[in-house]
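Look for subunit A in each of the two complexes below; its partner is subunit B in the first and subunit C in the second.
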Partner chain A sequence: MALSLSKRAFNQERIVFLITIVLFAVFAVELNNFLAPANLLALVRSVAVLGMLGMAMLVVVLGRGIDLAIVANMAISVGWALQLIAGGMPVWLALCVGLGFALGMSLIGGILIAYAEIPSLFATLAMATFIYGFGRAHLITGTDVVYLPKDMGLVAQLGQGVVAGIPMPIIVAAATALAAYLFLKYTKPGRFIFAMGDNFNAARIGGIGVRPMLVFQYVLSGGATFLAGLITATSVGAMNTRIVNSNMIYDVILVVVLGGVGLSGGRGGVRNVIVGTLLIGVLMNGMTIMDVQYTVQNVIKSLILLFAIVSDSIINPRDEQTGQQGDI
Partner chain B sequence: MASSETPAREIPLRETLARLRYRYFPDHLVGELLSKKWIDNAVPFAVLLCVIATFGFLIPDFFAPKLLVITSRQLGEFGLVCIAMMTVIIVGGIDLSVGSNFALGNFTTLALLNLAGWPVAAVVPVVILVCGAVGFVNGVLVGFFRLRAFLTTLVTLIIVRAVVDMLLLRYAQEMSVSFYDSDIWDLVGMGGVAGVPSSFVVLIVVALIGHVILTRSRPGWRAMAIGGSRRSAHNMGLSVRGTVCGSYTISGMLCGLSGLLYAARLGGAGTDTGMGLEIAALTAAVLGGNSLGGGRGSVVKALIGSVIVLLMTNGVIRLGLNSGSGPMVLGLTLLFAVFVDVRWLKNRDKLLSKVYVSPTYVKLPQPASTDPDSGTPFALNNRLRNVEIIGLGEVESPEDVILDDEDYLFCGNRHGDVLRFFPPDYKTWEVYAHIGGSPLGMAFDRDRNLLVCVGGMGLYKIARDRTVSKVTDETNRSPFSVIDDSRLRLADDLDIAPDGRVFFSEATIRYEMHDWPVDALESRGNGRIICYDPRTGRTHTALRNLIFPNGICLANDGQSILFAESWACRISRYWIDGPKAGKVERLIEDLPGYPDNINRASDGTYWVALLGMRSPALDVALRMPGFRRRMARRIAPDQWLYPNLNTGCVVRFDDTGRVIESLWDLGGLNHPMITSMREHRGWLYLGGISNNRIGRVRLENADQNWSAATAYWGKA
Partner chain C sequence: MKSALLRLAAVAVAALTVGSATVRAQDNMNDPYREPALNALKGKSIAYLPISIGFDLAQAWGGVIKTEADRYGMTFKARDPNWSTDAMAQAMTSLIAEHPDVIVTQNPDLQSLARLLKQANAAGIRVIQMNMQGAIQTDAFVGPDFISMGEQEAGMIAKACGKDTQTSHKIAIVQGVLTGGVSYYQVKGLLEGLKAHPEIKVVSSQAADWDASKSRAITETVLQQNPDLCGIVDVWDGQGVGTGAAIKQAGKQGQVYFLTSGGGAQSMCDRLADGTFSAAINYDAPGMGRDAFTAISALLQSKQPAGSIKFQLYSPTRVMTKADVKAGTCWDPQAYATLLR
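== the complex of A and B ==
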């Protein structure tokens, strides 16, 4: 009894949360201004977009999939929308076109996964390559970076606005997290996603329309991606399509799995992603204040992830008898 | 009436065409090709051909010799990374750190050569070890700690990349000003062997070694087993953790080697070295047909994939399209190729089960009549009505029965035992020996060892002290055979020549024992007669392409064997010695049923069991292969036309092929089915593969002291 209790007390989520608190405490004591409200807001704001992308990824990962096309989809759909606005299209129409593009691409990816039965890892990898290539060849030509047009109107407030002293990105991210939580917890499709992640065949036999559900997951992820991209673009005033070739997709996976969401599906939730995102936020903020080199930051980030998954596997060892085949 | 309108000649003509078509077009090869594992490479290979054709057409000098040399040099490096990825994918993992590890290998090589000034011979092993160490770390984490491969190697990807970046920041300046000059190094980087670039030679060597290890050695088989089912591999006692760890280590070492070759070619290190290589290698590995999740993969698949990816990336660059088109084309091709591959994998077995059965044209001669009033020796009678029953309900499927000099009665059963009934009344019995499989035909050799043909296993010997030993279970593989016919699938009956050679039949090489009805449907010459020679210990195939060869009996002259071909309804003589050695001649061709075992009778004639009777419907169907194929594809097996096994008889014939008499049991009340019979001291003992009993019937006019074992080998 005591054993099982201690096991349950130390899952990966709690380990990561503990590390976050310890780091937070250490930084609070050691670093000047770390606890200043402005810094704390900046901390959360810096990871708001990452957290939103994490939510998009979460919805897919819970159903035992993975979406590696998130970053490419975000960059190209938002970049194209910005370019359309710069070209004279009304803002609302351009945003609708961009959103349509994001949803359409994730719809294609979802169909490939659900109906053509291509493994999600590979389908989204190829879709990412395709989206980037298509976007750079036909939509965003001649420039890597699409700058924010001046006449964006209210939409620009998404990234730059402040409500009651809190920057808009944080509010939007929080709203997304809340929506994701409610969706996963209290709606039928949300529960279905968990069921599919737990045991896909059982879910199918149980009468869930697993193929439409799979497509739906990826479309949801595409929509959240577009929103995240819009916030990125309006905050920094541009959309850099080169982020597709960066490590960003790995960072997204990092915040999802760091908090203890199982890549084999069915395990985890919004809380896990928030915990993972906070750890990354605290870490990056602290290291930036300490002026740690970017590559070293990467190493430290990775080591912490490694520590989290190693300790999880020691505390909750995976069993040869119950491990899922083909679970990489 | 339609039949009266069509000319009478048309049917024979159509049949002639069918006969020729089925004789010369090897339908069965299609199914056999599909059943091979290497056929999986067909889809990737077709994609490769398409890529070559497309770019060869679009870019005129794409395959000019000079460019080919450059491409093959790149392929040397990229192929190694793809093989590295493949070794990990095969055990059910993934290695995302290959790109970073490649960059590390590149940097280490240049640093050791340019800065430390080491000789090439020392640098090579050190670089391989350094990168192997990174792989080893992956291996320990994934194999021993059971971490998830994707995350773990993602972490090492980031860490190693960061380490390389930091090292570059520190040493790039110094490295770029110094330059390593050595003949060996130039040979590796720019030269080659007989015009073939060095890196390509290295790739070929590694690929060959890798192929042999993976397909023909224990570590390779273990890796495949673990990828196929990690749990089963663990339960059967394989060291899952060690093997997984080893495969990651090998992956790391290959990346190091590849990075070294890259360093030799370009002599520079940058932050973008090996960037995105993990994606390209993963793409190549999957495109080639290696399954993510493990258990299915090969070096050839990795190589095919790597050639496709390399040609496509190079080709798209050479086409000079704008920056996005390359990735776009690449992404689309990938999606399409993987889509086809997934569909292929999913439907291959369905396709195989549809096309594997390939009936052929058989025209049986008009059967001898069995009408009671016909006056033929096959005329129905009721001489088996009063068969005595032995072991009712105690034996299951005694295909063959045999008796020794001391009157013990032996039979096999479907549990893999050989039973022995005690004389004189055969009321009690014991398990004489347990072999396994399905014991079928039996024979005593000179030393009174019992040789048994075991369906599914081969030829086995039960010595007089009841020890069971394998005599043979394989023969020479036929040249140009697609399926491997060296293993014995359905050894059926045997007899032993005076010089000790054992001749035994293998009914079919295309089906397992329980699928015999499918072989009947096919009626193709799938069977063979095999000879085992105890003097040399060798087994070789004596006769091929027989239609379900079944019973075998040494003729009284000792120079030939008689064999029955069940679905061809004929008995032939095969000369094993003397002037006609090697020749086959037909003895009886118009049997009204399907012959099974043949054994000697006391008066110099032979007994043969007919296990079932021909029926006009099936005889017609045998002349219509297309009809039988449609039947096999479209309706459930229990509704097929089958040989009629509900009735049968025992027939006696002599050396000239003249049929003397037949023994029937009308209604089959006492002894339903007959697959074999033995004459022994005035009794005829009957076995039947679907029976729960053995029968025996009195032979009034036979030699009351004759025993087969004595007749063959003299007094014991």
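== the complex of A and C ==
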């Protein structure tokens, strides 16, 4: 009993949380101004979008899927909306078109996975390439960076506004996290996602409409993605569609996995993603203050991920009971 | 009668012949050199392989070269590796096999294409490198002299933040990709130039990977850490959008002197006009396209084999501030992008 308690006390989420706290303490002592409230806000703000994408990924991963099209969907849907606004379309209409595009693309992805039974890894990988290729060939035909039009009105406040001293991106990210938490914890579809991730066939036999549920997960992810993209664009002043080629999608998977969400589905929650995101935020902020080059930052980031995973597998070794089919 | 008629006809024919001969002679007198020049260009093929065709600089270069190629009956084809160095190396390999007369390319970094460019030259293909100088010199390099541009930037930043000013003398540098020619040589020149101004302290020098989101996050933290920062140099205006957004959102617009450089697309003018950039060094991308075509024209007219004469064609640059921005000062990338489609 004591053994199993100590085992539970040190799962991956706790290990990562511990690393975060240790790093935080070290930076707080070593670096000037690290603890300044403005710096802490900057820290959270810099990972707000990553956290939101993490939430989008979480909903899919919990159902034993993965959505590699998140970044492409975000870049193209928001980029297209901005271009439409620059071309004279009313802001609200352009945003509806962009959102419609994001939802439509994730709907197609979801249908491929749920009804054509293509593994999510391949379906979303193909969708990512399709969305980006189609978008660059037919929607965003000029430069691959779409600048924010001048007359965005209140929408620009999503990225630039400050409410009660807190930047809007943090507020929106927190609201998204809260919504994801409530959805996963208290709604029937939310619980169904856990059931499907835990044991897909049992969930199906149990009477859950698994195919529509699968599609629904991806559509949810698409909606959150559009919101995250809108925040990126309004705070940076441009939507850079080139991020599709960057390793951002791995960063999204990283914050999800780092916090202890199992890629095999059914395990984890919003808290795990928050912990993973905070670790990345603390790391990036501290290393930028120390003027560490970002290539070196990547090395350190991956070493910490490896450390978390290795210590988890030493403390909680896999066996027939804890290992799940489909574990990666 | 008959013979008179015949004689008249003969005279007429003779006159005609003489007349047309004079016309041809006059043609030659006008410009005997036009024909050989046009013949040297006609039917030649140009292959264009920048890092990506999706960004303003490459669109302007390609657009201008294509327009001129069409004018002289040359074929022009563009390949788009879309920021992937692997795809670019593959495309370069297949281009060497296809053997166009000229390849116009842009190195993603100092080394990746160096061997392939050497091979292309050896295969008799003339190679022109745009903007990003690689480790190998080929027939022509077209682009600003980034080292001297860096030194110029050092002078400008010293004027804004140097010892004659009541400032903290603290500056930050936002680099692109560390090994990219534009970033590498510009930063080199900048640091060299700053040696003459020991009072200036570089508090941060980070790479943003040509990505505005990254430069925004870096600059936000740097400003947080150094609220009294005096100046920032960003090596490219494309990512400078993010740097500028961070300055604005920190409420430091006007207080931080923000200097950047780029090809002079409309986005540069817009950002100068709204105060995001304090000053920008404009190296006029359509002008570079013209320089590149001039190099192509000169190389093809000289009968020298590929790689035998090598030029560094440094582009003229101009410093721009808000006061220089007027309608039509900058160019619209969309117009050039359409040409390349």
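Things worth noting here:
FYI, the second predicted complex is superposed on the first by the 320 of 328 C-alpha atoms of A that agree within 3 Å, B and C clash if a C-alpha of one lies under 4 Å from a C-alpha of the other, contacts with A are read in each partner's own complex, and residues count from 1 in each chain.
Following the convention adopted for this analysis, contacts are C-beta pairs under 8 Å (C-beta built on N, C-alpha and C of every residue); 3 or more make two chains touch, one makes a residue touch a chain.
A quick note: this is a predicted structure, and the numbers were derived from the prediction, not measured.
Applying the stated contact rule after C-alpha superposition, one finds that A:46 touches subunit C and leaves subunit B untouched. Residue contacts after overlaying the shared chain place A:289 against subunit C, while subunit B stays out of touching range. Counting the residues of subunit A touched by each of subunit B and subunit C gives the higher count for B. Of the two partner chains placed around the shared chain by superposition, neither subunit B nor subunit C is touched by A:201. Contacts of A:38 after superposition: subunit C is touched, whereas subunit B is not reached. Once chain A of one complex is fitted onto chain A of the other, the partner contacts of A:257 are limited to subunit B, with no touch recorded for subunit C.
Legend: residue contacts after superposition of the two complexes on their common chain; A:126 is shown touching subunit B, with no touch to subunit C. Of the two partner chains placed around the shared chain by superposition, subunit C is the only one that A:236 touches, whereas subunit B remains out of contact.
Of the two partner chains placed around the shared chain by superposition, subunit B and subunit C are both touched by A:136.
Common to the subunit B and subunit C contact sets on subunit A are residues 136, 141, 245, 293, 295. The touching residues of subunit A, when paired with subunit B in their complex, are 112, 116-119, 121-123, 125-138, 141, 245, 247, 250, 253-254, 257, 263, 293, 295-296, 298-299, 301-303, 305-306, 309-310, 313-314, 317-318, 320-321, 323, 325-328. Of all residues in subunit A, only 32-33, 36, 38-39, 42, 45-46, 136, 141-145, 147, 160, 167, 232, 235-238, 240-243, 245-246, 284-285, 288-289, 291, 293-295 touch subunit C in the complex they form. Here subunit C touches subunit A in the complex through residues 52, 54-56, 59, 82-84, 178, 203-214, 216-218, 220-222, 224-225, 238, 241-242, 244-245, 249, 265, 267, 270, 276, 333-334, 337-338, 341, going by the rule given at the top.
Here subunit B touches subunit A in the complex through residues 92-94, 141, 145-152, 154-159, 161-163, 165-166, 169, 229-231, 234-235, 240, 275-276, 279, 282-283, 286, 292-294, 321-332, 334-335, 338-339, 342-343, 346, going by the rule given at the top.
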